[in-house]
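Both complexes shown next keep chain A, but they swap its partner, so chain B is in the first and chain C is in the second.
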Partner chain A sequence: MRTLVRPVGIAAAALALVAFLPMLLDEYTINILVRSCLFAVMALTVDVLWGYSGFLTFGQSAFFGAGAYAAALCFTTFGYSPGIALLSLGCAVGAAALIALVQGWLSFYHGATPLYASVVSLVVPVVATQLLFSGGTFTGSSSGLTGYDVMDLSSEEWFYLAGAFLVLTTLCGWLFVCSDAGRVLTALRDNEARCSYLGLNVPMLRIALLVATAAVAAIAGWLYAGSSGVVAPELTGFVLGTEAVIWVALGGRGTLIGPVIGAVVIDVTSAYLSGSLPFLWKLIVGVAFILVIVALPQGLIPAIGVRLRRLLPAAPAATIPVLVAAPTLPRAASDGIAVDLVEVARNFGSLAVLQGITFQARPGELVSLIGPNGAGKTTLMRCLSDGTERSGGTIRLRGHDIRRLPPHRCVAYGLGRKFQTALVFDTLTVAECLRIACTRRERPSFWRRSTMLALPEAALGILRATGIDQLLDREARLLSHGQKQSLELAMVMALDPSVVLLDEPTAGLTRPERMRIGTILTDLVANNGLCLLLVEHDLDFVREISSRVVVLHQGRLVLDGTVGDVVASDLVRAIYSGELHG
Partner chain B sequence: MKIVNFAHGAFLTLGAYAGLVAGQLGLAPWFGLPLAFLAGGACGALVERLVVRPLYARPLDAILATWGLGIIIGQLLALGFGREVQFVAAPLRGTVDVLGMPYSAYRLFLVLAALVVGGGFALLLGGTRLGLATRAVIMNEDLARGLGIDAGWVRFATYSLGSGLAGLAGALITPLSSVDPDMGVPWLLNAFMLVMVSGASLASLLAASVLLGGAQVVISGWANPVLGSLSIVVLAALLLRVRPGGLAR
Partner chain C sequence: MTDAALELEGVSSGYGTARVVRGVSLRLAPGEVLAVLGKNGMGKTTLLRTVMGYNALQEGRLRILGADMAGTSVHRRARIGVAYAPQERALFQDLSVRDNLRLGLVADRGLPKALDCVRALFPFLAERLGQAAGTLSGGEQKMLILARALMAGPKLVLVDEISEGLQPSVVDRLAGVLRQAARAEDRAMLLVEQHVGFALSVADRYVVLKLGEIVAAGDAADPAARDRIEAHLSV
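Take a look at the complex of A and B:
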């Protein structure tokens, strides 16, 4: 509960400020502040999307504008009544959510790049503005809509409404980004691939986040239409969307409070200077923006002083969760074959990297894949964990055909994959990384941090064996290479998988660490019925722990047998000594 | 070069104004073209040095900075020339008969110019030392550096050249439409989507441009010009969603 004190205290102070300001300021300033507060809400949504989840968007104005136009159109067409007001609010949120769904569907899919998503976010407001321009008298075309009846509120009352809305959304945003669920956003920003291999449906999460922020922006737009009594196509335009990004960048991305301050200060100043120096002011803001991007990427507010930082939502290390053992889930019985490959092939153009790979592995087997560099081992791992990768053949995981399914669906079938170079979430702590790995099993809280972290025995064993259970509050990027490897392995085991793909899991570890992990792995295979596929170059290690060895050479499976078979094989010796080619 | 230059629209606008200035100074309209190329190129060179260079490692920030820059250039142009739409006379008048149909001579010239510039660019990339070095830097910058290629210079040269070409394009297009400070944005979006659809190949870029540009003309003609102006981006986005590899695959 201690973590709640600070944000709620700051919110209460801000609400008091909202209550007192109208006594100090003239009506003109209050009117401007209403607008600034609503723009600040939009900046807040941009910060959640860009600062936290890493999606740079120029398109939040489209949702703000959609909300504003929904209100204006409803009031213009049906006149004002409280019922119509509710209806228009519903329309505002609904329209924005619908646009966000389409935008999300176009932007986020398995394999889409963040750059592309940014461009689509620029296309959306451009399309929205063009549609409004061509709407004729219905949308008011270029002059917009005005003169509709709205709730009869004074400037002060609108200010109370807008200010309270801003404070409440900021508070909710604060609680959300600091909660366990909010840390998933940072995980998405740091490493999307790792997220999907931890079983998270990345496109769906991103679309859901976009829809939620769109709804918030639309409510702000709806209030804007009510308070100003006029809407114009510029509200949906990319210029406003870009201004929101500028406020966030100047205020400090990923700080929530910074963007709010940035939006209010810049918008109020613009309102006062637009009469005297319209172009010059925009020029100054633009130049400041570029300077901040190039020289001060974290923004002005965090840079001004350490003192101010205490007002920002952060300090994740304050609570170190207690590690506990998760109850072992009953494992669904399978038909006895964990991995089943039939004629799997992978081509890059005319180059066949894998062809005709057929083998099976059962629960309780530890199969090592060996072969010289370029034999196709890592490619095979990729085909096993991502249905879109292979060019031909069939792969079944515990009886489920993986068809063309993306990685998170393969994970749902009981797969876990550790990459050759450790993929962890750089800016999250060790404990947070592990919690992300548990997201699939237990739904994280949206407003608080759990004080316990329940992990399966296997993951705990790895943490203890390598000593990183003592480093739970350390940021993952500060770990050594070997520690990152162990952390990633523990994250994979936290999925409680049935089939585990390990790509050189012990590279960079010391001999004792490697032996300890070897023991943990063989225990898991023997006692928990895990099926483990291992790519490894250290043949001594392979000999000690494998129950079977599969040899790949130039994309083909050349040998499948026991350790003894492989050691005795002249063929394998010939491959490794380089005598055999083609 | 894997740097997404959102200031490109602004360079195009800059080129358009360079053409306008050449016209106002009473120079021959043809003179506007090299002037636009130089203006775009010089501005691009300056921007590369000051803004883009520190951001090569941060692609999302590079987008932001160049986009902010584009807006600044737009503001400056608005400050210098006013917000209103202006017109430029075409250096070529009259029509030429193509397959028995009268066709604007200037438009025909544009088609030729586009082919010449595109062909020249392909030759440059495929046949010269700079082209080879560029392709090397694109594929593996560290390795290229290790082999003694001055990657910074290559980036500088390509960025400036690209900006210059954007300026040239701006001067070439303006006689068909009009000049205003925000004219670059739709061109930027269209160009970007076309590049996304076509992948890193000049040949498929040509194909995509002809295909989607054709679609734009058809939709503008049959439905209305507003829908037409949106057709390239919308069609390209849908195409990419259905076929993430674009046309190249």
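Take a look at the complex of A and C:
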């Protein structure tokens, strides 16, 4: 509950300010402030998307404009009544959500780059403006719509409404970004690949976030149409969308409060100065933008002082969750084969990296994949965990054909994968990284942080064996290379997987740490019926823990046998004594 | 007496106000190889980063080839002959192997000589100069990083866990290559390793770091060295 005191206190103070301001200011300023508050709501949505989830968008104006036009069109066509007002609000939210769905579907799919999504976000407002231009008298074309009837409220009353809306959305935003669910946004920004290999449906999460922020921006636009009594195509344009990005950058990306202050201050100042200095003003804003980007890349508000940072949303440092053991979930029965590969192949153009790989692994088996550097071991891991990777052949995970399914669907079949270079969430703490790994099992709260972190025994064992259970509040980027490896391994085990792919899990660890992790892994295989595929170069380690060894050489499976077979094999000796080079 | 290749006196450094390396003093003569061992998170990589100039000195003095390095930027250190082979994949993934190597040189003039050196170290790299570095396997990328660090004739080489992810035969060959490079060209080397056997086969001396401080040091040829180091690693 302590975490609620600060945001709610700040929100109460801000509401008091909204209540008192009309007594101090003239009507002109109040009218401008109404607009500024609504623009600030749009800036807030840009900050959630860009500052927190890492999606640089120029298109939030399209949703703001859609909300405004929905109101103006409804009032122009049907006149004003409270029922029509509600209808228009529904239209505003619905239209914006629909546009956001289409934009999200175009922007986010498995393998799309962030740059591509930003380009689409530029196109959407351009298309929206063009549609309004070509709408004739219905949309008012370039002159927009005006003179429609709206709720009969005074400037002060509109200001109360807009101000309260801004304060409440900021409060909700604050609670959300600091909550367990909100940390998923940062995880998406830090490492999308890790998210999908933790079973999160990344495109769906991104689309849902875009739709939610679009709805909020549309409500702001709807209020704007009511308060100003005029809408113009510029409201949907990418110039406004880009201005919102500038407000966020100047105020401080990823701080929520910074963008709100940035939007209000810049919008009010431009309203005053653009009258007296129409051309110079744009130049001033432009120069200020460049100066801030160069000198204060964090933005103005975070740079003002450490003291003021208390007014920004931040993860309370004191809340280190208590680690507890999660109950073991009953495993669904499978047909007895955990991994089944038939003629799997992978080509890069004319280069065949894998050819005709066929083998099976059962629960309770620890299969080591060995072979020289460049033999295709990591490529095979990639094919096993992502249906879109292979060029031919079929792969079944616990009886399920993975077809062309993306990684998060393979994870749903019970797969866990650890990468060769540890993938963790750099700006999240160790505890938060582990919490993200539990998202699939346990739906996170949207408004608070849990004080407990329930992890399966295997994950706890790895944390204890490597000592990172003592570093729960440390940011992952500050961990050493070996600690990152252990954290990633614990995150994978937190999925409670049935089939685990480990790509050099103990690289960068000392020999005693290796042996402790080896014991944990063999225990899991023996007692929990885990099926483990391991890529490893340390032959001593392989010999000690494997139940079977598969040898790859130049993309082909050359040997599949027991540890004894492999040690006795001339081929393996040739590979490992250096007579053959990969 | 010639200048030491590297000299540290009471060096402390870290990230922000956090101190990761504490009061480390050591001296490395030209042609000498020093293995830096220790458990995870004990400051080995931070020590290398401090020598290279990525982390500022919080305390102490750092001299390379006799020159004080206070306030000297990373690229100036590289110019006077310090090369760094980092642990993480520090390659330009979309550039070809050749272009990655070219970026390790001051001018293209030196390329033919550098390529000869690369060919001698890792013959397969010379055959795949046109391939994008990102399409090499993990182990092959490590070899490219090391080749890039060694090819331009550096005076001081900082190597971070090069044996990780390499097949045993390559690791064995590397030990020979690194030793010979150090002897033949008076190249001093700071070698961070987890693989104790490999480190001792390359190095002349070793130090063990614990919580950023040197807790043990000695001669790599000492038959008891391995046991002493393992004792520190297992605690």
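Here, the second predicted complex is superposed on the first by the 573 of 582 C-alpha atoms of A that agree within 3 Å, B and C clash if a C-alpha of one lies under 4 Å from a C-alpha of the other, contacts with A are read in each partner's own complex, and residues count from 1 in each chain.
Criterion: a residue touches a chain if its C-beta (ideal position, glycine included) is under 8 Å from a C-beta of that chain, and two chains touch if they have at least 3 such contacts.
Everything quoted here is computed from the prediction, not taken from an experiment.
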Three-chain arrangement built on chain A, chain B and chain C clash or fit:
clash
Name the contact category of A:Q420: first (chain B only), second (chain C only), both, or neither.
second
Using the touch definition from the top, say if A:T466 reaches chain B (first), chain C (second), both or neither.
second
In the overlay, answer first, second, both or neither for which of chain B and chain C A:L509 touches.
second
Determine, under the contact definition given at the top, whether A:H481 touches first (chain B), second (chain C), both, or neither.
second
Given the touch rule stated above, what does A:T378 touch, chain B (first), chain C (second), both, or neither?
second
Pick one for A:L56: touches chain B only (first), chain C only (second), both, or neither.
first
When the two structures are overlaid on chain A, which partner does A:F78 contact: first (chain B), second (chain C), both, or neither?
neither
Who does A:H537 touch here: chain B (first), chain C (second), both, or neither?
second
I need the one stretch of chain C that runs into chain B once the two models are overlaid. Options are 98-106, 116-124 or 206-214.
98-106
Interface residues, chain C side, partner chain A - complex:
15, 18, 39-42, 44-45, 87-89, 123-124, 135-140, 143, 161, 164-170, 172-173, 194, 196, 230, 233-234
Any idea which chain A residues touch chain B in the complex?
54, 56, 58, 105-106, 109, 111-112, 114-116, 118-120, 122-123, 126-127, 130-131, 133-134, 238-239, 242, 245-246, 249, 279, 282-283, 286-287, 289-290, 293-295, 297
Mind listing the chain A positions that touch chain C in their complex?
348, 371-378, 420-421, 466, 478-483, 486, 503-504, 507-513, 537, 539, 575-579, 581-582
Under the definition above, what is the set of chain B residues touching chain A in their complex?
4, 51, 54-55, 58-61, 63-65, 67-69, 71-72, 75-76, 78-79, 185-186, 189, 192-193, 196, 224, 226-227, 229-230, 233-234, 237-238, 240-241, 244
